[in-house]
Each structure stands twice: as C-alpha cells, then as structure tokens.
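The data blocks that follow each hold one structure.
Heads up, the next two complexes both have chain A, just with different partners, chain B and then chain C.
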Partner chain A sequence: MGNSVDIIFKIAGVGILVAVLNTILKHAGKEEQGQLVALAGLAIVFIWVIQLLADLFDQVKSVFKLF
Partner chain B sequence: MIKLLGSAMVVAASGLGGIAVAGGYSRRPKELRSIRSALQMLETEISYGATHLQEALSLVAERCDKNVAYIFNRTAAELSARTGSTAAQAWEKSINGYYRESALKAQDLSILRNLGSSLGISDREDQIKHLRLAMEQIGNESFRAEEEAARNVKLWSYLGFLSGFLVVIVLY
Partner chain C sequence: MDVLQIVAIGLIATVLVVVVKSQKPELALLLSVAAGVIIFLLVLGKIGSIMDIIKDLAARAGINMVYLGSILKIIGIAYIAEFGAQICRDAGEGAVATKIEFASKILIMVLAVPIVVAVLQALLKLVP
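Up next is the complex of A and B:
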C-alpha cells in the first residue's frame, strides 16, 4: 500500500517539475525543447504506470486462476 | 540517510552546473564591453598620443578594466622582452591565453586575431581604421551577447536545479 502511494507522489512531482520546466523553456523561446521535456516526462511516468498495470494483470490472472 | 545525502548532492551539482553555464552567458557581454573600451583607449593613445605600441599597451593595461588588462599587459611584456617576436605574434599569444579563461566565443577571438595581424605594422591611419573596425564588430557581438544573456541566464539557472530535482524524483 505504501509503495503505491509513493508512486503517486513521484508522478505528481514529475508532473510539477515538467510543467515548470516547460513554462521556463517557452519563456526563453525554446518551444521545441519544452515539448521534448514534456514528452520525456510522459515516457518516464508511462514506464512506472505500465509496471503497475502489469502487476494488476498478474493479480487478476492469479485471482481467476488464468495461468 | 545516505539516500537523502546523495540526492542533495545531485541537486547541488546540477544546480551549480546550471549556474556556471548561466555565469558564462552573463560574463561574455561584460568582457566584450571592457575589451571595446580598452581598444578605444588604445586608439586614443595611437592617434593623439602617437605612443609606441609597447608603451601604449602598458598604459592601456593600467587604465582599463582589470579582467582584460591581462591581454595588454602580456603583449607589452612579450614585446619588451625583445624575444624577436612581432607585435602580431605577441598579441596572438596573449589573446589565446586570455581566451582560455574567458567566456568569449570563437568569433570574438577571430575578431581580435584579425586586429592583431594589423597591429604595429603600418601607419597611424591604417591602424586606427583596423581598430575602428574591430571595435565596431565587437560592439555588434556585445549587442548580440546581451540579447543572448537576457534570454539564457535565467533559463540555465532554473534548468540546472530543476533537472537535478527531476533526476532525484525519478531515481528515489
């Protein structure tokens, strides 16, 4: 339980930092790099979320004995 | 505990790196401006004082901004050592030495190098023309450098710390 709450906070932290970085880069006239940063943040978060989803599917499989 | 210490170190390192890059951007226009005013002094020495190049250089070195005095001091020293090098060679050596520790870019160095090749080999009017040209070019560069600094200094000083925080959050 503690682990999954931790990951929510981590995702929130990445979201905040990426939002701030994006604003700063846009302010400095570097929209492309801003988009790149947003994409990188999205990829990092996806990696975490996909691991959690895989855990979920494993659990569903084990609950319904779908080996 | 060790984790906290490590993350603090990562944030500090990337933050200081960002500040260093920002410092380079903010130092360049200042250096260009002081080089320009030093060249102005050199022009005055040559045109109104008709001073010898070596003397003119050491006079300028005494009066100009401390961070560019090195160029003129070293060139004057090189010339007064009478090692047989021309003014252009002495100038080249000292601007190369200065360039390594400064925030200047390659195009600024090439302007100074072009100026050096005409220093002390022709009459007053010709040297003044070359000095004027170099001052004009350095003025343009410093205008552009100021614009660049206005855009990039804030960006890099934030970017360093924020990327440090990002790394810490991803790895924590």
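Up next is the complex of A and C:
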C-alpha cells in the first residue's frame, strides 16, 4: 500500500527535478542537454509506470479469468 | 476506511499532476496513469471477492459455468478497455480512445457469440 503510493511521489519528484534541471540548463545555454535530461526522466518514469501497468493487467487477468 | 485512502490518493495525485503539467505534460500523464492504476489495484481485490460470491450463487442456481466465465471475461475486457480509453482521452487523443473502445466492443462481441447462439437455440426450441 505505502509502497504503491510512493510511486506517485517518485514520479512527481522526477517531474519537478527534470523541469528545474531543464530550466537551469536552458539558462546555461545547453538546450540539447536539457532535452536529454527530459528524455531520461521520461524513460525512467515510463519504466515504473509500465511495471505498474503489467502488475494491474496480471491482477485483472487473474480476477476475471482472462487467459 | 478504504474510501478515505482512495480519495486522499486521488487528491494528492491531482495536485501533483497540476504542478507537473505546466512544465512537463508527458510526465503529468504518466502520473495520472500511475494514480489510476493504484486506485484500481486497491479495489481489485474487492472485485475478486464479489466475483467469488457471484460464482457461488451461479453454482447454486445451476447456471452453466461457461456462460458465467464469458460474462466475467466481458466485464474484465470492459474494465481494461475503459481504463486505457480514458487515459488516451485525458491526453487529448480522443481518436485513439475511440479505437480502443471499438476494438474492445468487437472482442466483447466475439465472446458474446456463444451466449447469443444459446439464446437463439432456446428460442427455436420454443417455436414449434
């Protein structure tokens, strides 16, 4: 329960961090690195969410006997 | 008090989504997906116990298990398809959402064919 709610805070943290880093890098004139940071953040969050979705689909499959 | 937990998760996720959305809309979308999955997982166990009760009642009423199984599958497909379609619609992709709903309707129709055939056969038996 607590573990699963943690992921919301983790994603929001990554989002805010990426936004701040993006702004800093943009001010430093390194826009392409800012893009890379945004892409990396998106990839990390995507992996978490995909794992969560796989968990959901497995549970739905076992509850509704969808095989 | 699961309601309180669920409402709290929803409110926290909403606030965080609004904060993140102005900077990174794609991460906000993933955040709302995660919140939806977590809320769904919280109530899925209860759906499972309801399903067990329905199965028990159906066994007592002597309903063929094949029909009940396909009804359960239809409900599962509808839940998952609705979930995906709502996420797509949230992200502004109404077209993809409509296609997901369309595909799920076709899959549900495939599953419902045996039941429709059984109903028609029962009707044919009634008609002399």
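Just so we're on the same page, the second predicted complex is superposed on the first by the 66 of 67 C-alpha atoms of A that agree within 3 Å, B and C clash if a C-alpha of one lies under 4 Å from a C-alpha of the other, contacts with A are read in each partner's own complex, and residues count from 1 in each chain.
In this section, contacts are C-beta pairs under 8 Å (C-beta built on N, C-alpha and C of every residue); 3 or more make two chains touch, one makes a residue touch a chain.
Treat the numbers as computed from the prediction; the structure is a model and nothing was measured.
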Chain A as common anchor, with chain B and chain C clashing or fitting: fit
Which of chain B and chain C A:V14 touches, first, second, both or neither: both
Per-residue touch tally on chain A - higher for chain B or for chain C: C
Touched partner set for A:A28, first chain B, second chain C, both or neither: first
Which of chain B and chain C A:L42 touches, first, second, both or neither: second
Contacts of A:S4 with chain B and chain C, given as first, second, both or neither: second
Nearest Cα pair across chain B and chain C, whole Å: 15
Contacts on chain A seen with chain B and repeated with chain C across the two complexes: 14, 18, 41
Residues of chain A touching chain C in the complex: 1, 4-5, 7-9, 11-12, 14-16, 18-19, 22, 38, 41-42, 45-46, 48-49, 52-53, 55-57, 59-61, 63-66
Chain A-touching residues of chain B, taken from the complex the two chains share: 151-152, 154-155, 158-159, 162-163, 165-166, 169-170, 172
Contact footprint of chain A on chain C as seen in their complex: 5, 9, 12-13, 16, 19-20, 23-24, 26-28, 30-31, 33-35, 37-38, 40-42, 44, 47-48, 51, 69, 72-73, 75-77, 79-80
Complex contacts: residues of chain A adjacent to chain B: 10, 13-14, 17-18, 20-21, 24-25, 27-30, 41, 44
